[in-house]
Amino acid sequence: MSLDSKIPQGPIAEKWTKHKTSIDLVNPANKRNLDVIVVGTGLAGGSAAASLAELGYNVKTFCYQDSPRRAHSIAAQGGINAAKNYQGDGDSTYRLFYDTIKGGDYRSRESNVHRLAEVSGNIIDQCVAQGVPFAREYGGLLDNRSFGGVLVSRTFYAKGQTGQQLLLGAYSAMNRQINRGKIKPYNRHEMLDLVIIDGKARGIIARNLVTGELERHSAHAVVIASGGYGNVFFLSTNAMGSNVTAAWKIHKKGAYFANPCYTQIHPTCIPVSGDHQSKLTLMSESLRNDGRIWVPAKLEDAQAIREGRLKPTQIKEEDRDYFLERRYPSFGNLVPRDVASRAAKERCDAGYGVNKTGEAVYLDFGSAIMRYGKEQAVIRHLYDASEDKIRELGEAVVEAKYGNLFQMYEKIVDQNPYKTPMMIYPAVHYTMGGVWVDYNLMTTIPGCYAAGEANFSDHGANRLGASALMQGLADGYFVLPYTIGDYLSDDILTGKISTEAPEFEAAEKQVQATIDKLLSSKGEKPVDYFHKRLGKIMWNKCGMSRNEKELKEAIAEIKALREEFWSEVRVPGSANELNQELEKAMRVADFLELGELFAKDALHRNESCGGHFREEYQTPEGEALRDDKNFMYVAAWEYKGEPADAVLHKEPLEYENIQVKTRSYK
Amino acid sequence: MKLTLKIWRQKNAQDKGRMVTYPIDGIDGDMSFLEMLDVLNNDLISRGEEPVVFDHDCREGICGSCSLQINGEPHGPDRMITTCQLHMRKFNDGDTIVIEPFRAKAFPVIKDLMVDRSAFDRIQQAGGFISVNTSGNTIDANAIPIPKPDADNAFNAAACIGCGACVAACKNASAMLFTSAKVSQFALLPQGRVEATQRVLNMVEQMDKEGFGNCTNTGACEIECPKGISLENIARLNRELLSAQFKG
Amino acid sequence: MIALGVTFAGLNEKEDMSLLSSSVMRKFAMALSGLFLVVFLAQHFVINITSVIAPDVFNQWSHFMGTNGLVQGILQPILIFGVVFHFIMGFVLEIQNRRARVMRYVQYKGGASASWASRNMIISGAVVLAFLGLHFYDFWWPEIMHKYIETHPEDPTRYYAETVHKFENPVRVGLYATAFVLLALHLWHGFASSFQSVGFDNKYAKGLKGFTKFFAVFIPLGFLFIALYHHLNPIAH
């Protein structure tokens, strides 16, 4: 099957408008007879469910959490981008489009990104109308901050909880529809398979996580908005339950999986403290607005710090290496995430790391505190304020901006970041790869859609900060409600889909067989044991930098680990009860397959781009070396039984509205 | 660190449940409380026993999933944190730690330490929203300026993560802090004023229906709230309800 | 009677459309009745303290309160209703609150987050209620007997001596003292709490809270002082 991305004809700025006005609609009376399943209730799923229900479709939502409000979108801290140009600093739809394509290292689909930029402003309008309490200035208007990889301030935020506030907005929109009976929420349910009838997605098999019962749910269309697969690394900033299962199940049923190797390693996370670590905590990128990243310039100072003989505050200004400012003078600490992460790794690999493990760099607010303190002193007419007073005033400003992040840091690390610089290190954060979708967000399975982080579409090889929230909401509020209608307009006479169909029967049987197999395994090792080992392979060999030899090793090791898993794992308890180990086992089983495809994809992409850095392809200064001639395409993998047998399909990327250049932030 | 854990074990909603004692060793101060439970669970699995079930997800204090009553306090002895942010350095070698589920009639136990908090969802479904449809043409976000103090207070109320610590801490198992935070967020914003009367009536009615206790202003909820939601919100809810009640 | 309606609304599962069916309105009613009793307490204290300062004034005011038609015919029943309403409501709320947590905690550290006074209003309230029984037995019932049953002729000078004589018995003084301490605890939480319940929250709230705390200590202490003063300064029969 060849890939048809279904990009509408015409000039880029008119594609979406024209498409919207020319697609087929479903009349309100018929919408009542059409059912849509939405798997995942984060920003993409929640907003899609609410909007589809508002239109009149019968929506069923599924999430493994006890409430839709707990989806992991809630943890996004920094903000959401929109080309509103409220600051008058030259922002525009085109500039947001341009920054996103460039930030993605010219590996995203132009038409999708432009649509994203177009609707970005509507998202802010919609959220404010819903009562999302964005940060405001004293004049009562919305405030903006700046994020990595761009030269304008276009990020809207709600302290360090933007994700939570936006998700609560989408959740409140869902609640309104639940109250009306238009959404039926199935919480503590996990989708375990897709049901395809006559070539179309017609339902899912879900497990009720409380009773353990397998349930059949039918619909005329299925939306997968189940997030990313960063947890394949075991340690990531994802929630413990974040998983690839829904996306992987549809992949196995025919949906192509695109660019799995594009993973975002976020530069500002709290470093690992020991083997017990179960997850990593992100410190918002917004901190890089005011924090300066450095390591000691002298190896002996770094050594002394690691051994606890020296404190960071004792290192003189001239003995500090502000390596991002040094290497990238024009963007400085606000270079994109992939660039900042690699630079930190480079310094630590060279022996300049500053914590016990040697895997940490400083993020220092000292100069920002003094700068803000002086500003405040002037505002308050305190012209002869002492240094302590200035520091106090400055700390208050920093607290107002980042207070909750600083508090979070202090709770975890047990150090006061106002007084001593924070320690940070890169960690897996987001996956740009995902289920391949066309312009309408439909996968290669008719009637099956993918939205938000679960799809691959908008961020190319690297996502810019504050763009994930934007994409999730754009997909759910402003894209799917139109494009699903277009598809469903052919289904108005179909009527209710019966769950008695043999396809449901077969899918349920297959799920039951997997569960039985896991429960009857005679092994002795807990699921975590395998997950941690998979994570180590992924981090060491498919992490921030990759090479051919190690990727080949990784493929073999993951395959072996997968086999070991199926014979050695122990899953206690039974199928007909709440069984968290069984839930984990099912997820890890899928990660063990995805991990191999991930490595295979990374191995085939003989270039460095965005989050994918191949050591063989770099400039003498260590910058990524893209190969546009051979790799300017989306790699979409078709499932053929084993990850190793996956077949590659290429969707060439064409840039007509932007000049493809070497990405430079110098 | 060596510890003695006393943990509530309950097979399912029908089971009576009981406290079970587990000694545990090799606990590091840098571990989070939940990582300590991970260690226990992997130990139990290796020994062929059933692991302890507890709710958890983001493990960074924002999703509101984790919900343990630790030594008689929700989210344990520290303040302004959730259980996942509680670190073992807050305990001493040799300590006995009592771990129970959040207890309230409206939060029935599902299994072990996991409880059903869907009552919170139903309170929000009763009115915790602004009735605005998704469309590309709502008014511009900056069309209605909102005084910064109101916006900040709305944010502070909206910071609630719905974990249920307020209910767990309250001697009456009252959900007033939660409900008031939701009512306040919308009451403070001009967009939310339109439906304010009906919203507060519906949400309070649902809250009462769920079987939560009455608020007697002890203030325990505010102290135990991991997000510092203020009692001012309860005063605001009271005002809102009174005026709604007399409006009829 | 509304008080019965409350009991009904509180203890029956079925929906009740009365104003008091909502938990917030019940709390509002509790606050209003409490505030009313606080005002009564202040008034009672002002009259009583004259027994220490100026016995003649005490006699005069007591006589007025005891014989004025408005006070006896209207205010007194309202007061009794207020007391009855407040305590029935208090018990109803307590029962409901206990039902909201069927399964108790094995370990519950209530003291870590809330004061003893706020958590034990039912205890302090019950003690004050028991005291009211004693107090009625001591003063109110004899007055009623005196005026309406035995129908003695009016004597505007009898009050002071009768009052002082009551405090000769150290056991009674001891009981009164205990009750005043519990009253102080009840007011310590209850008075401030009532403003929260009616939704009072503005820039004066902090000052008002300070005043309520002062009141909660000062008034019971004043009553205690009066009781002790008369105990230590007996007059001849």
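A, B and C label the chains in the order they appear, each numbered from 1.
The rule is simple: a residue touches a chain if its C-beta (ideal position, glycine included) is under 8 Å from a C-beta of that chain, and two chains touch if they have at least 3 such contacts.
Note that the structure is predicted; figures quoted are calculated from it, not measured.
Seen from the Cα centre of chain A, the chain whose own Cα centre is farthest off is C.
Taking the mean of each chain's C-alpha atoms, the chain closest to the overall C-alpha centroid is B. Chain A and chain B have CA centres that are 26 Å apart.
Averaging C-alpha coordinates per chain places the centre of chain B 36 Å away from that of chain C. With centres set at the average Cα position, the gap from chain A to chain C is 61 Å.
Shown for chain C are the residues that touch two or more other chains, of which there are none.
Counting partner chains per residue, chain B shows two or more touched chains at no residue at all.
Contact of a single residue of chain A with at least two other chains is seen at no position.
Residues 47, 50-51, 54, 65-70, 72, 74-75, 84, 86, 119, 122, 124-131, 133-142, 158-159, 161, 163-165, 168, 171-173, 175-176, 178-179, 185, 187, 210, 237, 239-241, 273-274, 276-279, 281-282, 407-408, 411-412, 414, 477-478, 481, 524-526, 528-529, 570, 572-573, 577-578, 580-581 of chain A touch chain B in their complex. Listed in rising order, the residues of chain B touching chain A in the complex are 11-12, 28, 30-32, 34-35, 38-39, 41-42, 45-46, 48-51, 53, 55-65, 78, 80-81, 85, 87, 89, 110-111, 114, 116-118, 120-121, 124-142, 144-148, 151-152, 154-155, 158-159, 161-162, 185-186, 189, 191-192. Residues of chain B touching chain C in their complex: 6, 8, 19, 69, 71-73, 77, 98, 100, 103-106, 109, 169, 171-174, 176, 204-205, 207-208, 211-221, 223-224, 231-232, 234-242, 245. Those residues of chain C lying in contact with chain B across their complex are 19, 21-28, 93, 96-97, 99-110, 112-115, 118-119, 121, 189, 192-193, 196-201.
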